[in-house]
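Residue numbering begins at 1 within each chain, and the chains themselves are lettered A, B, C, D, E and F in the order written.
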Amino acid sequence: MTDNPTPISGMELARYSGHATFMRLPHIPLDRDEGLDVALFGLPWDGGTTTRNGSRYGPRQIREMSTLLRSFHPTFRLNPYQIARIADVGDAPTNPVEFETTLRQLQDFIARITARGTVPLAIGGDHFCSFPMLRVLGRERPLGMVHFDAHTDMYDHYYKNSRYTHGTQFRRAIEEGLLDPKRVVQVGIRGTAFSEDEHDWLFAQGVRHIGMDFLRDNGPDAVAAEIRAVLGDGASYLTFDIDALDPSCAPGTGVPEIGGINTYEAQRILRGLRGLDLVGADLVEVVPALDQSGTTALVAANLAFEIMCLLADRAATRKTAG
Amino acid sequence: MTDNPTPISGMELARYSGHATFMRLPHIPLDRDEGLDVALFGLPWDGGTTTRNGSRYGPRQIREMSTLLRSFHPTFRLNPYQIARIADVGDAPTNPVEFETTLRQLQDFIARITARGTVPLAIGGDHFCSFPMLRVLGRERPLGMVHFDAHTDMYDHYYKNSRYTHGTQFRRAIEEGLLDPKRVVQVGIRGTAFSEDEHDWLFAQGVRHIGMDFLRDNGPDAVAAEIRAVLGDGASYLTFDIDALDPSCAPGTGVPEIGGINTYEAQRILRGLRGLDLVGADLVEVVPALDQSGTTALVAANLAFEIMCLLADRAATRKTAG
Amino acid sequence: MTDNPTPISGMELARYSGHATFMRLPHIPLDRDEGLDVALFGLPWDGGTTTRNGSRYGPRQIREMSTLLRSFHPTFRLNPYQIARIADVGDAPTNPVEFETTLRQLQDFIARITARGTVPLAIGGDHFCSFPMLRVLGRERPLGMVHFDAHTDMYDHYYKNSRYTHGTQFRRAIEEGLLDPKRVVQVGIRGTAFSEDEHDWLFAQGVRHIGMDFLRDNGPDAVAAEIRAVLGDGASYLTFDIDALDPSCAPGTGVPEIGGINTYEAQRILRGLRGLDLVGADLVEVVPALDQSGTTALVAANLAFEIMCLLADRAATRKTAG
Amino acid sequence: MTDNPTPISGMELARYSGHATFMRLPHIPLDRDEGLDVALFGLPWDGGTTTRNGSRYGPRQIREMSTLLRSFHPTFRLNPYQIARIADVGDAPTNPVEFETTLRQLQDFIARITARGTVPLAIGGDHFCSFPMLRVLGRERPLGMVHFDAHTDMYDHYYKNSRYTHGTQFRRAIEEGLLDPKRVVQVGIRGTAFSEDEHDWLFAQGVRHIGMDFLRDNGPDAVAAEIRAVLGDGASYLTFDIDALDPSCAPGTGVPEIGGINTYEAQRILRGLRGLDLVGADLVEVVPALDQSGTTALVAANLAFEIMCLLADRAATRKTAG
Amino acid sequence: MTDNPTPISGMELARYSGHATFMRLPHIPLDRDEGLDVALFGLPWDGGTTTRNGSRYGPRQIREMSTLLRSFHPTFRLNPYQIARIADVGDAPTNPVEFETTLRQLQDFIARITARGTVPLAIGGDHFCSFPMLRVLGRERPLGMVHFDAHTDMYDHYYKNSRYTHGTQFRRAIEEGLLDPKRVVQVGIRGTAFSEDEHDWLFAQGVRHIGMDFLRDNGPDAVAAEIRAVLGDGASYLTFDIDALDPSCAPGTGVPEIGGINTYEAQRILRGLRGLDLVGADLVEVVPALDQSGTTALVAANLAFEIMCLLADRAATRKTAG
Amino acid sequence: MTDNPTPISGMELARYSGHATFMRLPHIPLDRDEGLDVALFGLPWDGGTTTRNGSRYGPRQIREMSTLLRSFHPTFRLNPYQIARIADVGDAPTNPVEFETTLRQLQDFIARITARGTVPLAIGGDHFCSFPMLRVLGRERPLGMVHFDAHTDMYDHYYKNSRYTHGTQFRRAIEEGLLDPKRVVQVGIRGTAFSEDEHDWLFAQGVRHIGMDFLRDNGPDAVAAEIRAVLGDGASYLTFDIDALDPSCAPGTGVPEIGGINTYEAQRILRGLRGLDLVGADLVEVVPALDQSGTTALVAANLAFEIMCLLADRAATRKTAG
């Protein structure tokens, strides 16, 4: 096996240069199997979006802004690209006018990654993109999940009877047995609701909420501890909707909710999740047209790097353990 | 019958006041039949969009910017609201995650308008929204059509076999007999193409093109004359994709093409179309998120007013003639 | 009496559809008395603005962004539209070139609302718009007031002797006996000052300040408690200048001051005010041209909803009590 | 008398340096009489604005963007600062909350300039600012005027009876005998109108219009010739509302109208006016908040320079002749 | 030799997908010689910029926007990627803090391309980037040049004695014998000048100007004819400064000048240059930060495609001829 | 000695008026020695920038936004302009294409200020501008330094061997003996790093770090105390890179890092530094093109005022003591 793929360093080639892959990693197409530990890729699809759309351009803008990043994590004291084999494997094919077709295409693309034992890290796209991820990753046993979001995405349906949207995908995942609701925790839920009973179903399933008052009263370390308690040692998924963050930090998203998490808190909570058995992850709902400055995408790129480090650390630990 | 509905005048109530209906016209819901001659409404749907989406927010931003307009047309010397009964009848219902459902909903909404003999003027949404318009209006006999656009929207399909998109709808309309291709003229077609033969089918059908060289060499009056020659006296449809305009005039659209029509030319061509038998019209593809300044929407509102005057004038003429 | 007016739900009609009234509430003009408990309306006037103007467009943009909201308050566990009769009654007439005329027009409009026992919730406009509110509401006895703002708005005059501006209105209100200064508390005051003695007058009157250090050292619940202590049980007014918030949360305002309140804190303080006897409220100083993204207006819409819930809850409580 | 004041050259000091006076001219306050031929100054006032306000910030942004300009006019082959004494004399004092006070202040400021025989070139501010200019300059005999604008600004009143606004000022000027309507020509008038008869009064006075069709059919040289024919040899005023330009060129203004003049045409028409007896001029209605990129202000700075050259050339010619 | 590299078609993979190489061409690094006819690459350097900098980000944004393009040229009736071997070979290395170092690096990079007989098409960067291009391409004999620009870039020096800047590079090129001034034509020169004599030197050398008046009076075909007359059959270079265009078309550049070329004219002139012996070309001075909407970059991508077609056509013709 | 220079008050002349010097202070050129205690000036240079450049326009935009400020500090209870002689002395000359030349020019400019005993407060420009400041101020003995920044700026070199950049200047300063590393403290350091050992050198020198975890866990007062402990009584420098702040507060900078300091914290820490022996200061890295709204510049202007008050207070104290 060859050396690990590594990003081009800003010390070598000025950061404004070169094609905009994630952090200027090598692009390794799926058909060139290189035994990756972690694969980053785009799911540029917003077919499940009920309001302000455009997250299909999320992967491209996040990659663009990721070129400002360097490779060494200052708190974990690790360079994920040194301890694990990681590449940007490109984007899944999608068909913006055909929902069912695209759902299949995404599942196929993700399954090709996981078939090799590679851990997938997806960049959305809207939050419905978590659904094909879970269909592939939760196929054999239900997963735990830590879910950063302003919204539960566990409605039964939208409109008359639309059951597959970016607001319902996690109810579908629980119904399909892809998630174990007792090992699901939602962080950052807030904002106005449709109705009084809108959380009844999910609480009945055993889903846990960590709200903003808990975070502000107890701090991010307590949040991380709570997440760890809910997820335990089992295989788990991490999903990060950028609207978990406050609009001051991430205005470029479809349904921002005020009173949200700031980026420091997000980093500190994520840093508290080291050691969890994360088998896949995504970061979704960045809408570039709603923040052409790229600030939201820069935030997303940084959080994707945080998640990347969690996944690389897990891969390295398992190799050592193995 | 009561007095004609009229917009609130900026002389009466400052233009920054009041709810943003089109030009601050009264909102008259469809279920309150008031014998309208022309109904303006939104088709806030971008389910057929293959690139930069978001035109679902077009109707709202165009209405917002339309509040800067006054009611009297300076060249036609007419106030459409004095000579015809016109209102803003709101938006068609849509379902952003279900293509077929929405297509049916749009057709139903439009059919309810035309059932009363009202001429529909739709604000998109993406260009696929023309398709339900034609399904309703061209049901009984094929229509002529003047089509302002940078693109033909007459591809056979996108991707493997996606036949219903905002780039294929007019081929479908010809195939369904909703349009008479020999009475179809496309104005402003330009930009890079997919392939050498991409116009073969449409030219074989008899569709005519008026390109930018013709416009710039012969001027807008010659273009209007050519359009009139193609459409003749028969019932016709007018569709205006905002990307017919140059990006300097209308940057807020999904697929802008440089070297386009400017707003003066657009106005002068439209003004040359008075007297055509226009049975319906639309203006589409404004993407507010791509021009938050509202300039593109202001252009769209002005062109919608030009079209409104053509429709009102036709209504008034027919009343007089009748 | 008919059913309560209710906003169109995003579950029924996609949020990007329909005319942009506040939260897509029915528009009920003032001359159609429907026994409202609370009336939301716009005061689109910035005639008192000494710096960056344009808040006359505030009501329209706040309504536009309010269409992203849902009806149920997650903390209070109530839907204000179920417990009280509420509508969007439109905008007050204004004359942007005549100060005295507009002041009269605003007072008349507000008085027509309160004459029916309806509680007014005004969307500005600049902060001088609080003055006609107080002229109407404080006519019979001086009110208490909780005032969120970076600035005191209690200068004696601007320039040589301009006594009616958006920086002097609350001194005028105290002088006219509309406010009881001992029951006035200002939250969020900060930023550079004109002179050393600029607070002397207001402190002498008994006005209380809660500054940023107090908030950050003691937390939002302590702030709410302090406000309640100052206002007591008496009839009070709530006024929220969007510049009370930090520019990171609300850049779209005329005179932003750094080091301000964030949206979480604002929500938590407001939620601590349940039960106060609020007879009217306003939210002012959003300048859409200074934040075309709409983020500031979205924040404002959310805070207006918080205030709406306080007013609805009071109305419902009094009915029950009655 | 000392050397002429001259702008700092970009060859000497990089253009991004130095305080932003107009073209980095010396700032010479009014109380330091230096026998100027032409004085540029700001009238930062938008008290007459009926729609989107904020032109009070026009002077500052135009000065900022003017720092990109160089001093030599490429067509006239002259450097105005070599042939005439010119300076930036700062801004007139204004009171944004007092209409009458400010009108007086502006008149006084302008009168102090003209008292020394200096020709005033004002940067607005809204178009009402032309009114104090005419009150001072037209005091002794009515002036001719070339008026670039999308709107006539000759309404009788706004609202019930508001006679002093940025849409009525030139009717007032004719009524006060400050303008000779037979020597007034309006260039670029277009857009929707309030009513059929809205031009009756002004045409009856003898005011001439040069519309967009004339410009596009006959070209800018014919427009210049027509203007010269109307103005003749008499003392005349030049006023340029930035909305005479198309929104593609100048989006940053309160009431943009599509189908307007482009910047090439504007330059070529202005260049055709050399030799007219221009006793004063203004450029108005730039609203910085509506175009934070500064493009509109850059256009304005360039057109102000064109006008400056006309005024300097006149001054130089008269000295030579004298 | 393998099949020609071709862009990914929007018919195959939705345009919002995939890494942003130019038009989604394959990225072929320089060290993988594939016998290219034309190589597109970035020169991301703005070290010669005297005013508003940031064109170092030009290549990346132009590539991003180029993903909206299709491969077939509608007027030439050709697909450059079918008739010639073309790829995106990435970016030249640069050192933003060392002028001399970078100049050498650029020359080396370009020389590696031309060493294989590949025609270079560079995307800037600022206009000084033309200088290393000419140093390599004009080494053996002076070239002719068609130069689109608002500025001559033939000053002797900036500041005290800075001879290498983006305003002086073409004088250096003439002095070094890289250009034959009698075969150099500058199109679009306009705007204010530093001094009366600033064109004396270049006219004395025999450089020709085609100004805006000539273009508007005679049309773009006459301009193309004039260019062809100046360049003749000899080897020539094409350089396009985006500020040749009007700011309404291309606001995102350091020193925009009003009254410029529009995109239709630019396309028509470029299309008139088919058959010239173009041995290299560049497109420069796009500053992404000054137009985050990407419109300027989209214009640039389209013009780069026009130039690409000229270069491909030349390559194909020579192969056939050979 | 004449009266102290003072800013124009917003009570006297509306804030949107007058030339944009810092806070509308008098502009006093360097050659007019007026015995200033503190001189504010611009160092408009970004020649050391390795990524997103454009901070050369920082001084102008910061001055523009500073016109919103008033003169009295609300916490210190002082007006710096009353207790010290302060003016805006303009910008240092720079040459954007010559690194060495400019470095010399900056040193000369700064030395002319300090030669009179005036304390310099520089507005950048990029962070390399601190280097000429230290070359002048640290000439006689090494200074202590409090350094607000997301980055250490203590790399050895960029690229092959570029030792003078905006990421290396403080290592150079230590090497040259301008700083005493044991009295240097860096506040806000965070973000991804190039390598594991990148802090080894600086920690070995004795430089101290105060990270975000310390700030959030201990609060701003503890940070201020820590800074005071490190700096002690010795002569010290204060440098504030705007990217010390979170991107939500200051998006307009070249390399924003999430999880940063907010403006309240920045103010409170700065306010805790009263009494330190600050012999000079700078505020750098505002890139106007990356935040055309001016919010970042407004933040910078406010922080510059905080620093100004520290410097004025020191000057006044020393006079009294003297």
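A few remarks follow.
As a working rule, a contact is a pair of C-beta atoms (placed from the backbone, for glycine too) under 8 Å apart; a residue touches a chain by one contact, two chains touch by 3 or more.
Just so it is clear, the model here is predicted, and its values are computed rather than measured.
Considering every other chain in turn, the ones in contact with both chain B and chain C prove to be A, D.
Between chain B and chain E, the least number of touch steps comes to 1.
Comparing mean CA positions across the assembly, the chain most remote from chain E is C. By residue number, the contact pairs of B-C overlap by more than half with those of exactly one pair in D-F, B-E or E-F, and this pair is D-F. Set side by side, the interfaces A-F and A-B show unequal numbers of C-beta pairs in contact, with more at A-F. If you average the Cα atoms of chain D and of chain E, the two centres end up 38 Å apart.
Spacing of chain C relative to chain E, judged by their CA centroids, is 56 angstrom. Within chain E, the positions touching two or more other chains are listed as 14, 16, 50, 52, 56-57, 95-96, 158-159, 246, 248, 290, 293.
If you check each pair of chains against the touch rule, the ones that pass are A-B, A-C, A-E, A-F, B-C, B-D, B-E, C-D, C-F, D-E, D-F, E-F.
Every residue of chain A that touches chain E in the complex is listed here, in rising order: 13-14, 16-21, 27, 42, 44, 56-57, 59-60, 63-64, 88, 90-96, 292-294. Those residues of chain F lying in contact with chain C across their complex are 9-12, 14-16, 68-74, 77, 79, 246, 248-249, 262-264, 266-268, 293, 295, 298-299, 302-303, 305. Taken in their complex, chain C has these residues touching chain D: 46-50, 52-54, 56-57, 95-99, 158-160, 162, 164-165, 287, 289-290.
Within the complex formed with chain E, the chain B residues making contact are 50-52, 158-159, 190-196, 198, 212-213, 216, 246-248, 251, 255-260, 290-291.
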